[in-house]
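A single structure is presented below for examination.
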Amino acid sequence: MAGMDTFAERLTRTIARGTSRRSLLAKLGLGMTGAAAFPVLPVARAATHPEGPAHQTVTSGTIQDPGDRTTCDYWRYCAIDGFLCTCCGGAVNQCPPGTEMSPITWIGTCTNPADNRAYIISYNDCCGTSSCGQCLCNRNEGDRPQVRTQSNNDYNWCLGTGSSVYNCSTAVIVGVALDHPR
Amino acid sequence: MLRQSGRKWIGLLPSALALATSSPALADGAAYPAALPAEPMPAVAHLPAAWPKSWVLIHDFNFNSIVDGRVVVVDTASANQPLKGIVRAAQFGNALLSVKRGEILTAETFYSRLTRGTRTDAITFWNLTDLKPTGEVVLPGGKRQQSVTYPQLFQFTNDEKWALVANFTPAQSVSVVDLDGRAVLGEIDLPGCSQIYPTGTRGFSSFCADGSLFSVALDATGKVARSGTIRRVQDIDQQALFSTPAWVGRTAWFVGQRGVLQGFDFSGDLAKMIPGAFTVGTAAGAIPEWRPSGWQVINADAAGHLYVLMNPAGKEGSHKDGGTEVWVFDTAKKVRTARIALKAQSIAVAVTREDIPHLVLARADGVIDVYDAVSGAFVRSLGATVAYNPVTITPVP
Amino acid sequence: MAGMDTFAERLTRTIARGTSRRSLLAKLGLGMTGAAAFPVLPVARAATHPEGPAHQTVTSGTIQDPGDRTTCDYWRYCAIDGFLCTCCGGAVNQCPPGTEMSPITWIGTCTNPADNRAYIISYNDCCGTSSCGQCLCNRNEGDRPQVRTQSNNDYNWCLGTGSSVYNCSTAVIVGVALDHPR
Amino acid sequence: MLRQSGRKWIGLLPSALALATSSPALADGAAYPAALPAEPMPAVAHLPAAWPKSWVLIHDFNFNSIVDGRVVVVDTASANQPLKGIVRAAQFGNALLSVKRGEILTAETFYSRLTRGTRTDAITFWNLTDLKPTGEVVLPGGKRQQSVTYPQLFQFTNDEKWALVANFTPAQSVSVVDLDGRAVLGEIDLPGCSQIYPTGTRGFSSFCADGSLFSVALDATGKVARSGTIRRVQDIDQQALFSTPAWVGRTAWFVGQRGVLQGFDFSGDLAKMIPGAFTVGTAAGAIPEWRPSGWQVINADAAGHLYVLMNPAGKEGSHKDGGTEVWVFDTAKKVRTARIALKAQSIAVAVTREDIPHLVLARADGVIDVYDAVSGAFVRSLGATVAYNPVTITPVP
């Protein structure tokens, strides 16, 4: 529940950050809408440069957050769609220099295999620089068609940013949905 | 210090001139008494006024430079020169093909400095015969919806005299554009509803987040004349309908993520649900089960048969992975009439309107494959020779 | 010599076509300057899409003009640099629909293996549509650094066209340099 | 017709909310009593004010979408996260790195509709710490030279207070730009001469088509104060110099297509040819002979040793194919001091200014490989993880 408090608190802060966004959300009658990034398709899991060696491993340094953040299989990416910022000059939770992080985005729920908790993951896009082109990844667990705006990852969520040009996507922990979901 | 020829070079390639002034002789005896003729220039290829039915438009999303998206004109009957031309579809652009208007229309977004600066959204008109632009309509407000390519973000209505453009800021609305008048007529607010299905003489429908279907009939000035809602047309949690349907005349057939097939009649002012949904059914060889999967996952031939991309590893989250088979359905008898095994996992399917119709499949690796739609036999592969990331396919009607 | 006449005649006509170009050429003191296309590099001979089958053969239909016009080895391409228009909706001597052929360009000399004549080849670029992306080819026989303008293929020769955006390159026969160069 | 959950979904993901209201329990016993903490956002990575000497700028020409060219910031010491950021270099763009100014400058071309419309050429200034643009200078006339990336098309002079931009229409000229004043000072006509080699305090030199080298000294307003020509500095037919030299201070070492090494002194108002050219020499194992080959074919380390990419299949037309070895030269002794065998054919070479310098090689397949510059030992590969088409490499000075 502490996790949930954190999430609710962050959600409130996130919404409070943007006035224009708040009015949009009010118009929609939604607390938080949208979608992480976009792309799609099975090519997502293929190397963008099949000739060269794949990206080498990037890990958290803590066993409670296991996995390689340059691969599509990393646990936080369960519903991501786009280039992984870890491969683009940013990090799993940071946009690359020169870009702007989208202020609102789609929220997914992914289970951390180490602590078996379901975390709320915010897939904020990074905007204002052209396609990163590295580590394209698409997973669709919980993805629904665009009619359910906040559950669809095909939107370009570079909205409310100075430019709508898409660079890459992050996967930021914003809270815990459930301490023991299984 | 360095060796210097000292020779002046002015004009043509010196080597060519030098050679040309030496004494010519007949090449290889008398085999070729005449040289190949000089060829006319400038020369730019044109396209036929009536495009063959083997042609399709393929949308190239161009992931690696989304700002430089494009639509390609492809002859699926040509194994060695399938690419006929390229039309710009910049920054999550959308495109429409109109044989009646003799043009392709694109809805695009531009920045004055490619990635930054002033944003301009516009519809551009491109001639079918020379693929050159003839004009544009600027769309105000910088609100055009940007998504991975969905045909339903840019649609015709009013007998192709108007276009409808989906907006998303994330507030949702639809802009109504008079194409011949080159003017934006107005904007219809659409809170909670998305995508555009042309409906009746002059109007559209959209699916809404509460599971309903909302229809709007427009008057001659583009304002709302009438509207209506059908509640509970889909279960988004358990059986969400793929957004892009197969069109059979004014009937659209949708497939659900778990295989339901549901028709809607969009011929009247307000959409109607067609009674008698059925499912794609089951088959052996699946782990755990066959489900529809891909990007453009369902399409129809001229006779109204449905073709659905099927994936044998169906589960939650598998719906965009692509299919290894195409299943064919008779909507009158509500039965599956054929299973077509594909050479490779494919993400988009379309059917040409040729006398002998062909299935056109876009593969995840960019290859385009062509099959006989009746027999299911593989006919030819075009290779990965037309697009970086082919995501949707539009046959010449 | 007949071939040379044709070439000289065409050259005159080509120059006469463009007034602004003519004045530029006058300023330069050159009869014809520039470079075909540009690109470069050994990637030129690799398939742009290594995953898929290569382009299938396109031939002239006459044994006096032998070879596959979708491959970099075709005789006319001895000094080309760019995407081959044969693969882009055009032909070896035609730009694709929607593009504009550059009015002036670089002239190379290539030997036809069938009739053993050295032909003057004009590598006109096609302009106004973005990179074709198919059949990238670079050969540098006779290429010299940019200091010798008319012998360098690194320039974007989309000049004097409505847009300088490069799409693909042609290889047009404009005449015969020598009937029997060997 | 379809199953309908009837559940209202408002706000958050329904599944997340539903899960969150059930009773939580400690995960996997007491192994992880605390959940991972929430992470701050928005969060954008910054770069250090002083870039490490292991960093380089790599120009990505992006053949498949030339309109979307870019320059990438790369840490050659990082095997797993070498890509540090991307800066736009649109439509045959050029870039300059200035540690003194604390910025990257790009010279680019834009069209108002990506591929058509109104053309704008401009220099844009990008901060080194956040890679964000801080301003621009528009270049009039739509004449900026567009070529496959040559560093000599965009250069500093006047202690990095001015930039020089090469123009080509095909008339040749150089625009002089006051960077801090954000103003174009003027344009120097340059008929028959090409590319820009900064010369003296405030000026430049260019190679001319007659084999000469032309130098211009500019006055404080950007006008020509003095000029001069050295005749016959190269034999373009037989021993043309690759355009891009290796810089050792204000001395530039050029290599010829057949292997001559020739230095020029650009420190004074007018360039001077350095006496004592020598050649790369020969070696066994070549068919028919070793020649310099690649795109950025020669470079230098801080000590002034030259590194040249060599191809064993040297012949007419082989000069852009890339090299399989790097040959190292001592310019004082005029001898080859080492041969370094490469793992793969490479087209660009640079040497970092680290205490232990590294060779950085861009391969034709897009892979970046790093070697010990002293021992020649392979150190690491960065994979093809930073650029689509890496063509030039600029180390942090």
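Lettered A, B, C and D in written order, each chain numbered from 1.
Basically, a residue touches a chain if its C-beta (ideal position, glycine included) is under 8 Å from a C-beta of that chain, and two chains touch if they have at least 3 such contacts.
Source: prediction; values computed, not measured.
A.B. asks: Looking at C-D and A-D, which pair shares more C-beta contacts?
C.D. replies: Pair with the higher count of C-beta contacts: A-D.
A.B. asks: Over half of the contact pairs shared by residue number: find the pair among A-B, C-D or A-D that meets that against B-C.
C.D. replies: Looking at which residue pairs coincide with B-C, the repeat is A-D.
A.B. asks: Just give me the whole-number Å value for how far the CA centre of chain C lies from that of chain D.
C.D. replies: 28
A.B. asks: Return the distance between the CA-based centres of chain A and chain C, expressed in whole Å.
C.D. replies: 47
A.B. asks: Chain B to chain D: how many Å between their CA centres?
C.D. replies: 38
A.B. asks: Could you grab the centroid distance between chain A and chain D? Build each centroid from C-alpha atoms only and quote it in angstrom.
C.D. replies: The computed centroid separation for chain A versus chain D comes out at 32 Å.
A.B. asks: Residues of chain B touching 2+ other chains?
C.D. replies: Residue numbers touching two or more other chains: 9, 64-65, 67-68, 88, 91, 114-116, 209, 234, 236-237, 365-366, 388.
A.B. asks: I need the residues of chain A touching at least two other chains; which ones are they?
C.D. replies: Only 29, 48, 51, 129-131, 133, 142, 148, 151 qualify.
A.B. asks: Which part of chain B faces chain D closely enough to touch in the complex?
C.D. replies: So the residues of chain B touching chain D come out as 1-9, 14, 62, 64-65, 67-68, 88, 90-91, 108, 110, 112-116, 120, 122, 124, 133, 136, 209-211, 232-239, 256, 260, 262, 273, 275, 277, 388.
A.B. asks: Which residues of chain D touch chain C in their complex?
C.D. replies: Residue list for chain D touching chain C: 61, 63-67, 91-92, 109, 111, 114-116, 119, 142, 145-148, 150, 168-172, 191-195, 207-209, 234, 236-237, 240-243, 295, 316-322, 345, 347, 364-366, 389, 391.
A.B. asks: What part of chain B is in contact with chain C in the complex they form?
C.D. replies: The touching residues are 9-13, 15-16, 19-20, 22, 24-28, 31-32, 35-47, 68, 70, 73, 79-81, 83-88, 126, 129-132, 365-367, 381, 383-386, 388.
A.B. asks: Any idea which chain C residues touch chain B in the complex?
C.D. replies: On the chain C side, the touching residues are 1-4, 6-7, 10-11, 14, 29-32, 48-49, 51-58, 64-65, 70, 86-91, 93-101, 103, 107-109, 112, 114-120, 122, 124, 126, 129-134, 142, 148, 150-151, 167, 170, 172-181.
A.B. asks: Which of the residues in chain A come into contact with chain B in the complex?
C.D. replies: Interface residues on chain A, with respect to chain B: 24, 27-29, 33-34, 38-43, 46, 48, 78-79, 104, 128-131, 133, 136, 138-149, 151, 154-156, 158-159, 162-166.
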